[in-house]
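Which chain is which? They are A, B, C, D and E, in the order written, and residues in each are numbered from 1.
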Amino acid sequence: DEAAAGFQDQILAGDMSWDDVLAQARVDGEVQFFYWGGDDNLNVWMDSVVAPAMAELGISLVANRITGTKDAVDLVIADAASGRTIGEGSVDAIWLNGENFYTLKQQDLLFGSFAQLLPNAANFEWDEADPRSQLNLRDFGTPTDGAEMPWSGEQYVCSANRAVLPVEQTPRTFEDLQAYLEVNPGKFAYIKPPHYLGNTFVQQVLYAFNPDGTGATPFQRSIEGLGAAELARLAAPGFEYLKDIEPLLLGGPQGAVRYPEDAAAAEGLFRNSEIHINCGFGLYAVATKRADGSYPQTAEEIIFPAGNMIKNKNYLAIPANAPNPAAALVFANYMSSVEAQVTKLDLVGYPAGIDPWKLDPADAAALEAAAPAHYGVTQDELDDNIAPDTNASLVEVIEATWLEYIERGSSLPLEEIVANAVANLAP
Amino acid sequence: MTSVALQGLAKSFPGATALAGIDLTIAPGELVTLLGPSGCGKSTMLRLIAGLDERDQGAILFDGHDISGLEVSERNVGLVFQRYALFPHMTVRRNIAFGLRVRGTPDTEVNSRVNEALDTVQLGELGERFPHQLSGGQMQRVALARTLITRPRLLMLDEPFAALDADLRRQMRSFVRDLQQRLGLTTIFVTHDQAEAMEISDRIAVMQAGRILQVDQPETIYHRPVSAVVARMTGEANLVPGSVVGLGDALGVELGFGPVPLRQNGFTPGTKVLSLIRPEAIAITPVDPGDGHGAIQSSAFMGQSIRYSITAGPNTFLVDAVSTRRLVDGQSVLMRVDPAHVSVFPPANNQA
Amino acid sequence: MTSVALQGLAKSFPGATALAGIDLTIAPGELVTLLGPSGCGKSTMLRLIAGLDERDQGAILFDGHDISGLEVSERNVGLVFQRYALFPHMTVRRNIAFGLRVRGTPDTEVNSRVNEALDTVQLGELGERFPHQLSGGQMQRVALARTLITRPRLLMLDEPFAALDADLRRQMRSFVRDLQQRLGLTTIFVTHDQAEAMEISDRIAVMQAGRILQVDQPETIYHRPVSAVVARMTGEANLVPGSVVGLGDALGVELGFGPVPLRQNGFTPGTKVLSLIRPEAIAITPVDPGDGHGAIQSSAFMGQSIRYSITAGPNTFLVDAVSTRRLVDGQSVLMRVDPAHVSVFPPANNQA
Amino acid sequence: MVLIVLFMVGPFVPLLVQSFAFQWDWPNLLPSEWWFTARDRARLPLGWDYVLSPYSRLGEAVLNTVLIGSATTLICLAICLPAARVLAREDFAGKRAFEFYLSMPLIVPEAAVGLALSVMFVRVGLAGSYAGIIIAHLIPTIPYMVRMLTAVYQGLDRGFEEQARVLGASRSQALRLVTIPMLLPGILAGCLFTFLVSTNLFLLTFLLGQGKIITLPTLLFAKISGGSLDASAAGIALVATLPGIVLLLISERYLNGLNQLTGR
Amino acid sequence: MPSPIWRRRPTLQRQQVLGLLPLGVVMIVLFGGALALALLQSLGFAPWLGINSFPDVSYFIALWGGASFWWSLWFTLYYSLAATVIALVLAILLALGLTRAFPGRAVFGSLYKLPLVVPYAVGIALAVIMMGNGGVLSRLAFALGWIDDPAQFPLLLTTNAGWGVIAVYVWKQLPFMALAIHAVLISAGREQAEAAAVLGANRRQIFREITWPQIVPGIVSSTLICFAFNMGAFEAPFILGGGFPDTLPVMAWRYFNDADYTLQLQGMAVVVSIGLVAGMMIAVYLATYRRYERSLGRV
């Protein structure tokens, strides 16, 4: 599509005013947005807040709910494979992070460096010098290069059911957890990798058991930089731990360990006290889930694993073959507006993706006011225990290693497993 | 050879009384036919005897013993269905052997008895065929053989020839009759074809609406029916209204072509009656116009006989005459009837 | 009234020759019956005439005009199928009206003609019923009315009564015959029941294996069949082998109870022949043992008549006698036969 | 017998309870708090409020399901009816092989067809479109439709059509006035079942809908794919049961049940 | 001497072809195309992914060479067969029961068809709510005092024993089979069974000798359909299955969803393998059945 290609060139070259983009977006008329539709609250917000706001801009939001973000990435790739270029694909914007972004980037299927061209780029910290800019510039260690717009923050938080787990027995570290499980076997489960929640748990374990004591730091490097052998060395104690606690996990005492498939499954276990601690992304999960009945009313947040609670952001990416690129830009801009961020925080409980210190005080205050309550911990305690994500190129390796070493119970030495995984994943 | 007695046998279905008290005794080796219109309860009677349905009331005695308590499979009766109910997935041999096999008869005996049965029904070569490879008459014979091989105490045949065409039917009739007499089987035969009933039976039980109207030998049923209804059910009948007249010191009945002496007693002159004369009981002689009792209205050639429709006085008679030469329409005829073949019924009897 | 002529009509199906050259002429208003065993090609003939199947050879002429080129719907023939083929989703009225409606006849005319047709078949009140609410006889009459309303040039009835029971069949027979004669309809009637054929037809065409063996009036077919095969197909027949003998200056045939004068010519004495005598053509008189021609083997009461099986010389005869009094088995009898009722066939003819 | 039916319909009871529950924890046999007592506190729609709100996309899913089902049924009918006529009445070389081929979709895994078709459809631009899904739905529905229609045609004596022709009806009149009306119950039963099969299809819809077209099965699958069930999932499951119940009632009431389904 | 024919009717031949054409085209282009494509792809033909090593059996070799494939195959077969057999036994009981008169049969006779008309996903939802460790059965077990912690409830879902998967298949397919069998029983009528009874057969003998041969064709066609479906089914084992080793369709799915797009060809090889195995099993089954049928004189 030549018109779209022209638009792409112009906008990326900075030759276009925002008004022109808005006008062009109205011509596009719609935006095909793909996002994980497993959260009812998010769905409601998307349909009741975002769609009307987009409609005001003359764009109809087609919010496609998908079960796995990868489906949208696949779609982009399939379209591209059948020769569809800019203006001809079927996906305008995807809510993603980590691996999926990495995939699109690798396959060179991203629209281009648009993030800082948007008016609402002002709401983000882009200064490399400021360490707080990291989450805007890197996604799971992959430089975003402005090809995706930060949209929402997240932090890995675990919750305890106080009805069965008293405050004094609450684990803070993985060793605590193991001790707790010795006494209460089977009362914990983490979500099964390759689900990203499961991956995240595994990453935290690896940080915590990093034999060098350097925590997350070495895991920020790409696999090319780190090397398979080094990764295996760093990960070995963590995987040992995972193997050790396996018999103590849900179903372990009965001889058949069960890893829940997704967050909903884990929540179900948590509700029924089949597990005493439930972990997942969700800084305000306890508040929102107590409100919608998916958590017991006795649920509270806990600090676990202390110092290694992964915090990240997730993003909106625009594929290289977006059918409505202008509308996609307008959409991404809206999603990073203060207005959108406030209502999202308020209704869905997803932490802000924009950086409060970049906002004017009124906006920052509004954002703070919109934040749901915490139960059992304070925001400061939570802020004090964060860790970064693992590099996206490592995630797949770790994931494959977990499948081979833990799930399939491979007897090969870990080094070999990691090496195999790296070899298999090399394009 | 078994005697069978039904005593006050009754059965109702929701919405229909199938049998309203049946009393019937069948002598050992006798063939009794149930003759009656559709729905009169013929099949129901057989099903009760076989134990396929449960009676509401009454008793069924075999040789004087009540068999009501026995299971179907213990009664040892034979029942041949209208549509044969051959087992389509078994060869003729296996169909016939079925009754023995389920009794656990040793194979060698089964084999020899099946061969025997195949011979009896003259199907020697067809043992390995499947039912669908047989003609109607052959299927019927297999059904018979299958039933006979178990040596039932009582053989019951439910309209066995209904699905066969006219010729085959006639053949099978005498085949079954011969077999039955040869084996001396107590038999109940069901039909609604009166000619079939006449030809095959020792006695006929004429049924209507769940009751037996008359049980008698074919000749008696045909010539001396107890009612006009039975008369009509057992063959073509001229039923002529008239009244009893004195005829010398005896009684007679006026038929429209002169009074005929009456062989029945118990009527007073002047009584209104219905007279039965069978079409073949009237003899006609062509005469000059004016001399006859009546005139030929129409005629139909029927092969063996010619059926004339003759108007005499107020009545129209059907007359069957052997087909020597056909009289033309309009021909005047004299009519004669053998008094032995005239029956009369009191009016009250005409309803039944 | 249309005359119909079939000339050399032939039709084969893969694996079967259904018609092997049929020549048949039907006069206007005549009712010709096709009589023959299953599979002899009767239905095929009707289907060719109706145009439902295409002939291989030959011509079909209506009033001298070849109609072979016409579509089914243009031939204006009536065809009543064995199993009625009433349209189950239409009321009686709509079934009957069908032929007019597809011709675009105006509603008012349709209505009046349907009423008329309902009256003709005496179903005035049943117009709003559906076929499944009718009895067999009623359905058959609706089928007739539906066909008649289009005033077909030729009416064809394919075993119309096969599914009816014996009584109803007899009723419908005369009903159809009356109607046909009243309306003067050229008609082809198909049956394999000889009694039906005899009773209803102006002429009968006896068929076998795709050929017509004989076409003649019922009496002729019955009493003067051209071959033993036709004789057997048209009623019970004693077929007795014997030889032609000189009988004074005339010829006779030896039957086992004395020679009978022969009415046919063209035989030389000594010729081996097969003689046909119908069972009712033999008269028997009981006599003292030793005086008779033969003895009664068995007898069966058949209502109208008693059928005796009598052995005389080397032959066994079936004899039907009117059922006055039944002779006992073993009784010696004298046998007499009307020479007019004896036919003989040369041996060559016995195969056909 | 009672146990069997309990096994088949019994589980719907807890499903109903779940759909009305706000909190229903182990080991309670009834919820500790019902949805209607919690709904006033909630800021976002809960349970049935969510299910019946436009946000659940249930309406869209129902509409899509019915639309796709109807279109599939009609097209399938149009394709299968003439073929069934030939299959029921004529004999021709290779007929058995053809019939076997027609029933192949019953035994070839849906995944094989779905994955291959999605590759095909992406290339021709049918993926993610209604047309693509409808076309794909033809494959698993055709075997049923053909079987049922063939059986129906076999049950229809040729005599009726011939009688109509003899009575003066043209070919098209015979078809219109006699054949079609007489086949109607069978055709309806076939359509009903085809509709049913179509509305029950998940994998094909899922693979070819590319997440853009949601139907009841895909919506429900997304809800329960983790192996757990919340109130809104239970509500959606119940709603997904409704079309089936309606069709079942129709067929039991008017069409002598689904018995024709078993054709032969 | 055929007389002139003025108007020829179109030959049957052409009508036949016209009638079959649309169906033939759809089936051959769509279904045949899909099959061909699956086969081609499993043999290394996928130019749109930049792969074309056709013909190339390496995907099959890689697949069949790994133990996990055989484990998956075993589970696939096990779920399919177990479910089919269990459903069949129950369906026969149900169908026989339905031929008897009892109060409430009309309601009963409709009620049992419910699963037939609802999507599998609903069945899965029911399995989740009933059979999970926190599910209704587990709660009932607690109420009866058998267990006091959900973990003590036997693991029914997400286990390779496949109780959940099998339960869903049985639940959904039982009515289908019962319906088929019941229809056969109805159309066969009671006459043959009655004839057998009169001939002296007891209930068991009647079932074995008469009823069973009557219902076998219905059983074969419905079990065939169900078995084949189970072999290729995805939802139930995906949601309720025990995880690695997954059933073959789930395995194919995972290959297709892998970040490595070239694994799609491997996935196709899995899918084709399912078809091959199912086809082989069905061929053996049908051959056995044909032999049986021939022994019954049905050709």
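Throughout what follows, a residue touches a chain if its C-beta (ideal position, glycine included) is under 8 Å from a C-beta of that chain, and two chains touch if they have at least 3 such contacts.
Here the structure is a predicted model, which means the values were calculated and not measured.
Path length between chain A and chain D in the chain contact graph, taken as the least number of steps between touching chains: 1. Put simply, the chain farthest from chain C by mean CA position is A. The busiest chain interface, judged by C-beta pairs in contact, is D-E. If each chain is reduced to the centroid of its CA atoms, chain A and chain B end up 92 Å from each other. Chain B and chain D, compared by their mean Cα positions, are separated by 57 Å.
Counting only residues that touch two or more partner chains, chain E has 48, 132, 134, 150, 158, 239.
Contact with two or more other chains is made by residues 71 of chain C. For chain A, residues that reach two or more other chains under the stated contact definition are 71, 81-82, 261, 268-269, 271-274. Those residues of chain C that touch chain D in the shared complex are 50, 52, 71-79, 81, 83, 85, 87-89, 98-99, 101-103, 146-147, 150. For chain D in complex with chain A, the residues that touch the partner chain are 21-23, 25-26, 33, 35, 38, 41-47, 50, 53-57, 122-123, 127-128, 210-212, 214, 221-222, 225-232.
Chain E meets chain A in the complex at residues 48-49, 68, 132-134, 150-151, 155, 158-159, 239, 242-244, 257, 259-261. Only residues 68, 70-71, 74, 77, 81-82, 99, 103, 186, 192, 250-251, 253-254, 256, 258-259, 261, 268-269, 271-274, 396, 403, 407-408, 424-425 of chain A touch chain E when the two sit together in their complex. By the touch criterion given at the top, residues 1, 4-5, 7-9, 11-12, 14-15, 18, 25-29, 78-80, 82-83, 85-87, 90, 92, 98, 101-102, 104-113, 115-117, 119-120, 123, 135-136, 138-139, 142, 146, 196, 199-200, 202-203, 216-217, 220-221, 224-229, 233-234, 237, 240-241, 243-245, 247-249, 252, 257-259, 261-262, 264 of chain D touch chain E in their complex.
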